[in-house]
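By written order: A, B, C and D. Residues from 1 in each chain.
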Amino acid sequence: MTIDLASAERILAAAKARAEALGVKVGLSIVDPRGDLKAAVRMDGAPWRVILISQGKAFAAAAFGVPSGDLAERANSAVMRALMEMEGGRVIPTQGAIPIRRDDEVLGAIGVSGAPTSEQDEDIAIAGASAF
Amino acid sequence: MTIDLASAERILAAAKARAEALGVKVGLSIVDPRGDLKAAVRMDGAPWRVILISQGKAFAAAAFGVPSGDLAERANSAVMRALMEMEGGRVIPTQGAIPIRRDDEVLGAIGVSGAPTSEQDEDIAIAGASAF
Amino acid sequence: MTIDLASAERILAAAKARAEALGVKVGLSIVDPRGDLKAAVRMDGAPWRVILISQGKAFAAAAFGVPSGDLAERANSAVMRALMEMEGGRVIPTQGAIPIRRDDEVLGAIGVSGAPTSEQDEDIAIAGASAF
Amino acid sequence: MTIDLASAERILAAAKARAEALGVKVGLSIVDPRGDLKAAVRMDGAPWRVILISQGKAFAAAAFGVPSGDLAERANSAVMRALMEMEGGRVIPTQGAIPIRRDDEVLGAIGVSGAPTSEQDEDIAIAGASAF
């Protein structure tokens, strides 16, 4: 099972509304369980890099089935560095992404980048995931 | 100048409506003039690769300021192969993307992948760009 | 908005004059907000690598909108390593580059490499940016 | 021996004047005999890609000691493809670059990209090299 587009768009809208309420400009990515992009938006004024970083965080959350922030202490482990190398840098084990689940199954993940703190990035991701 | 998100979302919606009318499942990407992602969606049932390919086509259209199909005969040129290598494969000079312009300025591009023919991909891209 | 060539050349001349006053041989790069090269010079006697390193530092300063030295403590973060991987090594979060701004907008950055210390590299970059 | 910076700047100025006379916006790169960048400028309005392409053409001219256009028919040879791969795409055997010589020695090369035709790119490169 993988997240469907209607749900992904509802999640993105809720997350974007949260970012606007916080007054921050972010990039937001939703990926499927394999880490491939399902939907993404970059808010006006957010720099180019945030879309890549949001996608990398979502990739990490989907790959391991946990919030990407839970992976931060393993960021320099051999496994994580190898995976980063094998996937061309596209896995970023840093706070700001949340798996999207139905029961025990991971259907995808939402990742956020660009807020002043990664706590805010995660807060926005949670607001999005809560709309599922 | 770069395409704004409200316009990008309107373009995506129009392109997606065209894909649905054609009964095809595609990936759609909108990039800024430098080829960085502004917004993307992958329709339900479309495979993972279409989002990468739609982005690569959009990158090519934005970089050269022409429909990506116009670049197809130069796809094996040394310039194109070098650019593909330097940009990590992210430029795809194949039919299916259209620059988005205001007057003479390229504001971005829309790329589409996944329809049975690249003519259909381009048809969907044109339907999107027409909503701008 | 992006830095114009006349300004870039004036900035390079001021930075080069500063390097000559310090008696050091450096590479100097000016990039646009996306990190793409606008102008560069390598002083006589400076080795090949300094031009690549100066460009990488400028890329980092432009991408994050801060002096590249401010990024040094994050140089081993997952985000920075991923970006370095995704951008083919072209981002170098090390002292020696300064964003070029008009009001709140980043128009580009100047990066310097090759002086005996990175403090001197940054000093030269600041001398350049001050000419803007 | 390698081209000195004062000569490189004089060559760039002459080439840029020729581009302005032709009314075209180009990227211009001067490399040393190894293909490493000595100096570069991107004219206002010229897209990001031209600086990379001008550098790749100059690399090819310096590496083989002939105008890059003379290499075009060998662009798909195994040697050229291997070299392009080994050098990360940075060698572009396409018209638009000229070696810079003193007597029999190659001191570097000037490469140009961005004019409507590669004949014009080469014309601008020749105007630059003639200033040496």
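Heads up, the rule we're going with is that a residue touches a chain if its C-beta (ideal position, glycine included) is under 8 Å from a C-beta of that chain, and two chains touch if they have at least 3 such contacts.
In this text the structure is predicted, and so the values were computed from the model without any measurement.
**Student:** Out of B-C, B-D or A-B, find the interface that copies C-D, where copy means more than half of the contact pairs are identical.
**Tutor:** A-B
**Student:** Could you put a whole-Å number on the gap between the CA centroids of chain A and chain C?
**Tutor:** About 31 Å separates the centre of chain A from that of chain C.
**Student:** Report the inter-chain centroid distance for chain A and chain B in whole angstrom, where each centroid is the mean of the CA atoms.
**Tutor:** Their C-alpha centroids are separated by 23 Å.
**Student:** Which residue numbers or ranges of chain A touch two or more of the other chains?
**Tutor:** 48, 52, 88
**Student:** What graph shape do the protein chains here make by touch: line, ring, star, complete or other?
**Tutor:** Shape of the chain contacts: other, as it matches none of the listed patterns.
**Student:** Once bound in the complex, which stretches of chain B touch chain C?
**Tutor:** Result: residues 34, 36, 86, 88 of chain B touch chain C.
**Student:** In the complex of these two chains, what residues of chain A are touching chain C?
**Tutor:** 47-49, 52-53, 56, 72, 75-76, 80-81, 84-85, 88-94, 113
**Student:** Taking the complex as given, what residues does chain C use to touch chain D?
**Tutor:** Of all residues in chain C, those touching chain D are 4-5, 8-9, 32, 34, 36-44, 48, 51-52, 88.
**Student:** Which residues, counting only chain B, touch chain D once they are in their complex?
**Tutor:** That would be residues 33-34, 63-65, 76-79, 81-86 of chain B.
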